[in-house]
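Each of the next two complexes has chain A plus one more chain, namely chain B in the first and chain C in the second.
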Partner chain A sequence: MPRGRQEERWRLPRGRHGLPPEVVSRSQRERLLAATMRIVAAKGYAATRVTDLTEEAGISRTTFYELFADKEACFLAAYDNAVDGLVRRISAAYEAERRWPDRIRAGLATLLEALAEDPAQARLGLVDVAAAGPAAQRRFRAAVQRLMPFFDEGRDFAPGGRNLPANASRMAAGAVVGLISDELVAGRAEELPSLLSDLLFATLIGYLGPDAAAREVGEEASKQLRT
Partner chain B sequence: MPPPASPHGAKSKAKPVDIGGLIEQEHLPAGRDGLPQPLIAHSQRERILAAMAEACAAKGFGATTIADICKPAGVSRATFYELFEDKEDCLQASMELSLADAMGRLVEVYSPDKPWATMVRDATATFLDLLASRADFARMALIEAPAAGGRSFELYASGKRVLQALLDRGRGDPIEERAIPSSAGRGALAAAESLIAGQILAGNTARLPELLPDIVYIATIPYLGQDEALRQSREAETSLRPGAG
Partner chain C sequence: MIRVVGAKGYRETVVADVIAEAEISRATFYEHFDGKHDCFLAAYEMLAGQVFDEVAAQCDWGAPWVSRMTAGLTTIVDRLAVDPALARTVVVEVVAAGADARQLHRNATARFTEYLDAGRELAGDRELPENISLMSAGAVSGLIFDELLAGRADRLPDRLPDLLFAMLVPYLGPQAAAAEMRRVAAAGH
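== the complex of A and B ==
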């Protein structure tokens, strides 16, 4: 869920300028969404107050309540926005490859890099989000499901694709998120990129079986292999 | 149903599992019927635990207040604080009961004579039945506890390690094994957990037992291979039909 910090820090010049109000409002909203992810990642959802968000975003309370009804609505929008950004990055990496296992490898590598860029937001996005209440928990599940279309293509690629369990893609997406969460909880966010082999195996196995999945993982797996 | 006449059944190198030892190693309690059923919760403590599970399902653990718990439980704040230090303590007590229940059932299902795949199927079926019958507690154990931190998280993690160890026993003799990463069992468990948690949040807790064939597939495929995992999955599906097993 993290994005580059610098790109979020921009803001429009204060005072009189000729910009149309919808541009100002859009810039304020985007600033607020980025600020919300930063602050909630740092303080935790329960301890975050609307004031923290308006201060970090440099907007007034009035503006905040023009944009969102409350802290929860703002957080949910910020969360969805972060997920959108992440899925776009994964998609671009995935589309750049041709063979399905290579596409998955590229998508997973991008996901891991993105999460490693900002450990605090990664932890918020995958683990602590559940502490923000039932609506946030459902958003998290919806985010996990957004990984499913990438895996669905494996049904066409796999020789026995039609016989696979109905929930194959749901389980592949779940394995990705679960294995990454384990690393985040253990405080190993920076090392996430080294999880690529494990994730690749954990996701391909349901479609290709263990032997073919291990072959696809190839060199990367044999390095990490511990039997 | 007799043990499967599969080639893997015969050559299975799965080590016997000391389930009691595993549970003890994680300092987990194991006993049946630990969880209060809302309708038969007689003691104040049971009523508080049931009320908290219900309140968490409605608004999440973070937003649940002591008042949210006390009112439906029909106890005073003073009584709550006599029994529990705070909300976290209450969640922890609930996790302890949930785990005691789950581990107790695991012990009942486990037999050293069962082939590994049969044990995985039976344990999964039992676990899904337990979750389905206690929807609010299922939600707390699998959705709130992982994010709650502290002792509640530790209990959740301990329970997972026991299941993990059971799954990993399928690995068998390493010498003849495929190049399976050490995280294979963890990946399978994560896949199953995510599937279950998703169904709970979608309000489909009562239908969790239907996930059995898919979970059997993902749990057995690392060590038995795809063809045998599909066979195990179909067998699990058959066992779900009314009148079977």
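== the complex of A and C ==
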């Protein structure tokens, strides 16, 4: 996989540059984390060697082992870092809207777009991550749970929302991830954004009931037609 | 194979573990399978088939949809709870075992979601999304996945009301799903 131009831009100048060591170290770490997601997405976790990661990131083996104990520790950090970035994007879209159903629509749309932008990393993040061992499996479930606070606000919005089962948001997050994973396994990452209406309906119905959920999705559909 | 993968995880499992557990020779193993992956796929298919047959055998086709789904889910949950190795294999490790294992998993899931899809009729003339059953199944398997990762397979039957809510809510909405959840909780399973 060729290195993107974007990465070249935040690569530090070679040779003497007089930058403080912590800046150098942070840049190396960030480069390594991004490289790890790219390489593991392309080669699979089992086939990836530390050498692949240091080459892709342009760092030495010594630097690698200063930063991480082994491949697994590096992958887990890279995974968490990627999830942080995705959740920040979703949050920004969510916060930009006011009504809860609109917020969910915006957040889901951003999630689907982000995953469709990079199908290989989307597959790694939601599907192949399970092949990287028990610690990675737990990180995956923790990532899914980070979607829960967005849904939890539906308890305040929905009539009777306070009486919903404690796990309602976990279920909504599970429904979203279930459908997206199925699409990814089927090799349809690019088409993920077309699932927006379905996901919106399936998550809102758990809070608002079928009639209101259908109305929200209907409004979404007519909004799309207008734009 | 299932016991070993359930205990060690797919990645850590080697053929030597499997033949030791099964008390067969290496030669016998390779007469039947090309290797670990091949054996795992066969084991998964067998298990998924067994669970499916159990659910189908206990299904009362005359009963209303909600009762049929409740009975089916109860059968699945009870089966997973008494056999944590099986549960880990069919819910967690199958995803770790490569592309063709995931395809098998998809096919197996589709057999169950076909049953679920009869619930569309309850929505009356409203069109539910075509893939609603996948979202229903995703919510259920997500909850089960979390319990298994936490090492609480034996507690799964306690979570039946929650799992039931997760399964029904995409079809029925929160009020009707919660009513069914309370009914099952009161029946004390």
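We adopt the following convention: the second predicted complex is superposed on the first by the 210 of 227 C-alpha atoms of A that agree within 3 Å, B and C clash if a C-alpha of one lies under 4 Å from a C-alpha of the other, contacts with A are read in each partner's own complex, and residues count from 1 in each chain.
Keep this in mind: contacts are C-beta pairs under 8 Å (C-beta built on N, C-alpha and C of every residue); 3 or more make two chains touch, one makes a residue touch a chain.
Computed from a predicted structure; not experimentally measured.
Engineer: Are chain B and chain C a fit on chain A, or do they clash, once the structures share the same frame?
Structural biologist: After superposition on chain A, chain B vs chain C: clash.
Engineer: Please work out whether A:216 is in contact with chain B alone, chain C alone, both, or neither, and reply first, second, both or neither.
Structural biologist: A:216: touches no partner chain.
Engineer: Can A:202 be said to touch chain B (first), chain C (second), both, or neither?
Structural biologist: Both chain B and chain C are touched by A:202.
Engineer: Let me test your reading of the model: by the given contact rule, A:186 touches which partner, first (chain B), second (chain C), both or neither?
Structural biologist: So A:186 only meets chain C here.
Engineer: Between chain B (first) and chain C (second), which does A:170 come into contact with in this model arrangement: first, second, both, or neither?
Structural biologist: Both chain B and chain C are touched by A:170.
Engineer: With the two structures laid over each other on chain A, which partner does A:52 touch: chain B (first), chain C (second), both, or neither?
Structural biologist: Neither partner.
Engineer: Just to be sure I read the superposition right, which of the two partners does A:118 touch: chain B = first, chain C = second, or both, or neither?
Structural biologist: neither
Engineer: For chain A, which residues belong to both interfaces, chain B and chain C?
Structural biologist: Residues 46, 127, 130-131, 133-134, 137-138, 141, 144, 160, 163, 165-168, 170-175, 177-179, 181-182, 185, 197-199, 201-202, 205-206, 208-210, 214 of chain A touch both chain B and chain C.
Engineer: Which part of chain C faces chain A closely enough to touch in the complex?
Structural biologist: Going by the criterion above, the answer is residues 9-11, 92-93, 95-99, 102-103, 106, 109, 123, 126, 128-132, 134-143, 145-146, 149, 161-162, 165-166, 169-170, 172-175, 177-178, 181.
Engineer: In their complex, what parts of chain B are in touch with chain A?
Structural biologist: Those in contact with chain A are residues 57-63, 143-144, 146-148, 153, 174, 177-184, 186-195, 197-198, 201-202, 211, 213-214, 217-218, 221-223, 225-227, 229-230, 233.
Engineer: With touch defined as at the start, can you tell me which chain A residues reach chain B in the complex?
Structural biologist: 45-46, 127-134, 136-138, 141, 144-145, 160, 163, 165-168, 170-175, 177-179, 181-182, 185, 197-199, 201-202, 205-206, 208-211, 214, 217, 221-222, 224-227
Engineer: Per the contact definition, I'd like the list of chain A residues that touch chain C in the complex.
Structural biologist: 46, 127, 130-131, 133-134, 137-138, 141, 144, 158, 160, 163-168, 170-179, 181-182, 185-186, 195, 197-199, 201-202, 205-210, 213-214
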